[in-house]
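See the structures that follow.
Across the two complexes that follow, chain A remains constant while its partner is chain B and subsequently chain C.
Take a look at the complex of A and B:
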C-alpha cells in the first residue's frame, strides 16, 4: 500500500481512508515516505546520470520506469498467474530489455541531433516518452495491472513499526543498486570515463575517450536504473501505460531538491520528497489530500521559485 | 583591384542594391497574403473535409482551436526560446472560466470569455515573472508540473465539477444569431478567431517587440547589452499566447457544452508541441498547417489503422504522435514552414532583378573575405568607414585641453574586484573616463580585461567596488538597466543574433530609442509605424558609419568575421551611447580595416563619446588611445599616456614575459603589405 502516492489521482477513490492517519501512525507514514522516496531516488539518479554526461534532461525517465514495470508484469504474470517465468528471471529480463531500449533510442533519436541545443533534445525525449507510452498502450489498453510481492507473508514488525515485505525489498535493493553504482563510478574503467565526460568532455576526448559512445551508455544506464525502479515498484502499486509522466515530474523535483549535482544529493532529494509527500498527504484534511500529487508538487515548485537564485547559478550557462 | 573599385563605386548607389527602406517597410497589407491562404484552406474545411471521407466539420473546429494553441507555443518557444509546457492549463482556464462564470454569476458567454482571457493573461504574467529566471529545460519541467497540477485541480475541485465536469450554459450569440456547438455557424466563429489570432501573433512578431523576442532567443546577454529586458519580453510573449489559448478554451467550452477534465491532460500540451514543431517552431504561418497536418494524420490513423492492426483505434494516437514528433525533428527540423520558405525562395529567385542583386552581394562579400584572408592592402575604401569629419590625430587632446577645468566624468570605476569561487579575476581595478576620451585597456590573456568590461556593463556582478555612469551608481545593476544609462558594448567573441538580418541586429541596438510596445505592435497603432521608421533610420545611419549598409539584408550569421565585428560595432552605435566599450574590435581585421577602425574611433571620440577599448593590436590601440590602463593577473599595473606605457619596463616584462623584446616595435613597423591585423603583439613576441 505504501506506493499509494504514486497512483494517479483518477484512481484515488480509496485514498482518503488510507491517508486519514492519526499522529500515532507517524512511523508508518515516514516509512512509506522513505519507500516511495527510494523509487524517486532511483529515477532522480537516472536523470542525473543522463544529464551530467549529455546535458539532456531525459523526459522519458518515467516511461522507462513504466516499461520496466510492464515488462516485469508481462514476464512474471499479473497476480498469481503460475505459468510464467520465475520472478527473478522476469525482473532481470525486463531490466536488460529496457536498458537495451534506452541505448537503442539514444542511438536512433538523440545521437543524430546531439549537437543541437538542450531544449531541442528535451523535445526529442518528449517524443521518446510518447513512443514508450503509446507502445505500452497498444498491448495493455488503459487497464491497470498489479503484481504479487516478491516474498509473500504478513508485514514485518521492526521496532514496533509495521513494514510490508515489499517495502523492505524496495529499500534494500535500492541500497544495493546505489552501492553498485558508486562502485562502478569510482572503481571501473567505464565509470571513470563516464565521470570524465561529465567533468570535461573536451579533455575526455583529448585523452581518447569516445564521448559520443558514452552518451549511449549514459542513456542505457539511466534506463536501467529507471527500469529497476519500475520492477521493484510494481508489487506495491498499479502499473498503467500513463504512469510515467507524474514520476518524471517527481524525479525531476527530487533531483533539483537534492541540488542537481551529485548522486548523493539526488538520493537525499528523492527520499526527502517521498517523506514530504507522505507527511503532507497523510496529515492534510481529506479536502486537500484529494488533490494528491498536486499538493507536494505545488509546494516544491514554490520552493524552487523562491530559491531560484541558487539553482540558476548552478545550472546557468554563462554566455559572455 | 577591380573588385575594390566596384565596391567603392557601389557605395553611393548602395541603396539601389538593397534599399533599406524597402526592407523595413512592413505595410498594413503585408499579412494579407498569408491570411488569404490560411483563410482559403480554413473556410473551405466544411467542404473538403467530409469529401476526404475520414474527416468531419468537427475536425475543422479542432483545427481552428488548436491553431490558436499552437500559435502560443510558436510565440513563446519558437520566437522567445522558452519551453513553456502549461498550454493545457491555459486552455482549461478559458473553458472552465466561461462555464463557471455562466453557472455561478450568470454571465453572458462573451463576457465570460473576456474575463477568462484576462484571468489567463494575469495568471500567465504572474507565473512568468516567477519562473522565467529559470533556464530552458528547468523551465520546461516546472511549467509541465504546473500543467499537471492544473489538470488534477480541474479533475478534483468541486468548483470545476470534478470528474463529471460542468455544464456550460447558453451558447454564444450575436443579436438573434446563436452559435451553438454543433452548427456550421460556430465553426465560422472559430475560424475567424483563429485568423485574428494569426494576425495578432504575426503583428507582434514583426515589430520592435518581435525583434526583441528573437534577440532574447538568440543571445540573451547581447540583447541585454542593447537595453532589452529579457524577462519583460518573455512575459509579453507568454501573456499573448495565454490570452489566445484562453479564448480557444472558451470557444471549446461553447463547442462541447459540458467541460470535463479529460480534455485538459498533459497530452494536450504534448499534442500542441507536436503541432507547432510540425508547422515549424519559427513560423507563425506554419502553425495552422502543422495543426492541419497532425489532425489529418490522426484521423487517418484512427480510421485506417484498425484495418491493418485490429486494435482499438484511439490507442494508436499516442505512439503516432511520438513517432511523428521524432521524425519531424530529425528529418525536417524547420517543419512544414521550411518547405514553404524553400518554395518562396525558389519563386523569388526566378525574378531576374533579385537574382542579379543576390549575385552581386555574394560576389562582393566573397571578394572582401578573400581580401581579408590574403591580407591585401586596399587602395580604395573597400567598405570604408564614413568618418563624418576626418579628425587629425591630435585633436582629441586639444578638445580635452579646452574643456572646462572639472570635466564631467562619464564613467568611473573605483576598486572593482571580481572573484569567481576563489579565483580573483579582477582585483581593485579603477578607471576614469571623460567625454571625448579613449582609454585603452591592455594586458596579457587572463589579465581580467573582459571581466572588467563585464563588471562595467553589468554582465558580471563585481564582488566589491563601485561603478558610476554619469554620476549614477550602477554597481551590480542588470545589463539592460546599465544600457539605459547610456552604456553600449561589443563582445570579445562576436555576439550577434545570427538568424536576424544585419539591419534587424542593428535595430535591436537602437531598441531604447523607441517605445512602441506589444499593444501598438498588435494593433498597428501609429506609434508602431513611427518607431519603426525611427529605428530603421538610426540603424541605417549606424551601418553607414561602419560601411556595412550594403549588407543590411543579409543574415548576420552569414557574414565573414571582420564584417560581423563591424555589425556589432554598428549595433552598439545605434544605441547612441555616451560610453562605448569595445572588446577587441580589431581582432580579425586586415591592416587597412584596422586603420579604418582607428579613424572611426577617433571620429566618435570627437563627438564626445567616451570609449574604453580592449585591444591586442598595439598599433591600432596606441594610435587612438589618450590613456592606457594596463592590467596583469587582475591587478592594475598603471594608467598612463601611450608613450609612457610603451616604455614602461614593468609593463613590457608583464606583457611579454621577457624584457628584451621591445613593445614599441609593433608601432614602429610600417604599414607593410603583410597582414598584421589578426596577429597580436604577444603572439608575435612568443
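Take a look at the complex of A and C:
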C-alpha cells in the first residue's frame, strides 16, 4: 500500500476504530503492554550493562534472547515429549548456556579487538548476531515453535482485568530479576567492581580491578538477562530463528527512551515503550497496525532528535 | 637519614623511560626508596613527574628500564597487577568513583584483598586517620569538597595495605587550610612507617614532608639530595621550577626560609 492510501485509510477509520474497540479493552491493552514491556526492559538493561562497562552497543542482544528461547524449547520439549526436562531445569540450563556463550564470544571475538573503537565493535556484534541467527536456522529451520505456559489454567482475573498466567510469570520474574540485579550491583564485591569499571575505568585499574575480565563478565551478564527474557517469553510467542533483530531494535529504543544511563531508566523505557506500542497497535485500524514494526523506528528517530547529546557517556562531575 | 640508608630498598627504579609516541616524557630516571622513607619528587609542570609515577606503577607501559618491589621485578606489569604486589598510586586529580558512596570507594580500595578479614580492620584504621570520611560514609564521593576528595583518594589507596604509597600532587587545587589537613595526614602516615613517594609541584610543601627530594626537569633528574641541601639552594630550586615571575619566586624563597624549621623538627620526632 502506498503512503497516500495509508494516510487516507487512517483518516477514514482511525476515530471510529478507537471508539469501537473501545475504552473497555484499555485495561487489557495496558496490561499486555506492560508484559511486553518487561521483556523490552530486560533486553534494554542487558544493552545498558554491556554498554556502561565496555562502551559497546551489543547488537546481538535480541539473538541472545532468541537463543535463550530456543534452548528452553529444546530442553523443555513440546507437549507430550517423554524426554523433556522439567521446566525449571530447562530454563536454568538454557540461561546458563547462553550466559557462557555471551562470555565466550566476548573473549574470542570482542576481546582481541577491544582497542579498535566502538563502531568497529558494534559491527562485530552485528556479526555475532548473524552467526547466532544462522546457528539457530540450521537445526530449527524456518519453522516456528511455541511452548506451554509455565503453569496451566485459565486466565486470572485481577481487579477485573483478565490476565493469562504466563503474563504474571513474566511480570513477576522480571521484578525478581531486577531486584537481584539491584542487590548484586549495590551489595556484592563483583557488582561494585562492575559499577567501578563503569563509573571510572582508570580508577578501577588503580584499585586492582582487572577491567578486561569485567568486559567478559558484562557480556555474560548481558547474555544472561536476554536469555532469561527469551525463556519466559517463549510460552506467549512463537520462537523463530529471526526473532532477535526486531527485539534488539525495540530494546534499543527502550534504552534510549529511558535516558541510556541508569537501569531504572532502562526499565521505565522498556515498560513505557511496551505500553505505547500496545496502545498504538491496539487502537489503530488494521491498515496501520500492519506497519507495527515501524513504530519502534519512528520512536527511535523522535528519541534521538530530542536527546541532543546523542550517545556520549555522561561525564562524572567532580569538584576541585 | 643514616638509619634510612641502612634499611634495604623497597622500591628500586633503574633507568626508567616513559614515552608517549615520539615524545619521551621520562628519560632514564633511577631512584631507590627505602622502608619507611618519604621521597619527594619536585619539578615544574611537564617535567615528567606524573609520567614517572605512571611508568613505575604500570599505568603506562615503560619504554625502557626496570622497576622492582621487594627485589621482585614488576616493570612492564599492568597497574592492576602492581597493586596486587603492594604498589599503590593515589593519582593526580583523585580519580574517585564519583557517583558511589565514600564507603563503597573505600571498600573498592581493598578490592585486591578479596574477602580477607583484615578489610574491616583496615577500614577502621583508615577512618581513624581521616575522621571526616567516617562522618561522611554514605555521601557520594563526587559531592565531597576538594580536600575531602583528596583525603578519600589517599584513604582508598591505603585500603589495600600497600608496601609503597605513591601520591601525585596531593595539594593540587586545594585551599591552603585544606592542604594543611592533607599534609598532616601524610605526615601521620610517615610517622606510622608507611613508605611514601610524593610528587609535588610545591617545593616547600614537599620539603616539609620528604626525607629526600628529587628535582626533575624535562624528563630527567637534575638534582637528587636531602631536603636540607635543597633548602640551602632554595633560590636555585625556584629558578629550576620556573616561578611565574621573578618577584614571586623571590617571595617563595623567603617563605621557604620560614618553613625550613619544619622538616628538621619532624625528623627529631
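The rule is simple: the second predicted complex is superposed on the first by the 278 of 320 C-alpha atoms of A that agree within 3 Å, B and C clash if a C-alpha of one lies under 4 Å from a C-alpha of the other, contacts with A are read in each partner's own complex, and residues count from 1 in each chain.
Keep this in mind: a residue touches a chain if its C-beta (ideal position, glycine included) is under 8 Å from a C-beta of that chain, and two chains touch if they have at least 3 such contacts.
In this text the structure is predicted, and so the values were computed from the model without any measurement.
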Report task. Considering only the touch criterion stated at the top, classify A:208 as touching first (chain B), second (chain C), both, or neither. Result -> second
Query raised in the report: Looking at the overlay, does A:159 come into contact with chain B only (first), chain C only (second), both, or neither?
Result: neither
Report task. See if chain A has more residues touched by chain B or by chain C, and give me that chain. Result -> B
Query raised in the report: Taking the contacts chain A makes with chain B in one complex and with chain C in the other, which residues are shared?
Result: 316-317, 319-320
Report task. Name, in rising order, each residue of chain A that touches chain B in their complex. Result -> 9-10, 57, 59, 109, 112-113, 116-120, 122-124, 126-135, 137-138, 141, 245-246, 248-249, 252-253, 256, 290-294, 297-298, 301, 304-305, 308-309, 311-312, 315-317, 319-320
Report summary line: Within the complex, chain A is touched by chain B residues 77, 81, 83, 130-131, 133-138, 140-142, 144-146, 148-149, 152-153, 155-156, 163, 219-221, 266, 270, 273, 277, 309, 311-312, 315-323, 325-326, 329-330, 333, 450, 454, 459-460, 491, 495
Report task. Using the touch definition up top, name the residues of chain A that touch chain C in the complex. Result -> 189, 192-193, 195-196, 199-200, 202-211, 316-320
Query - Residues of chain C that touch chain A when the two form their complex - result: 59, 78-80, 83-84, 88-89, 91, 93-100, 104, 107-109, 111-112, 114-115, 142-146, 149, 156, 159-160, 173
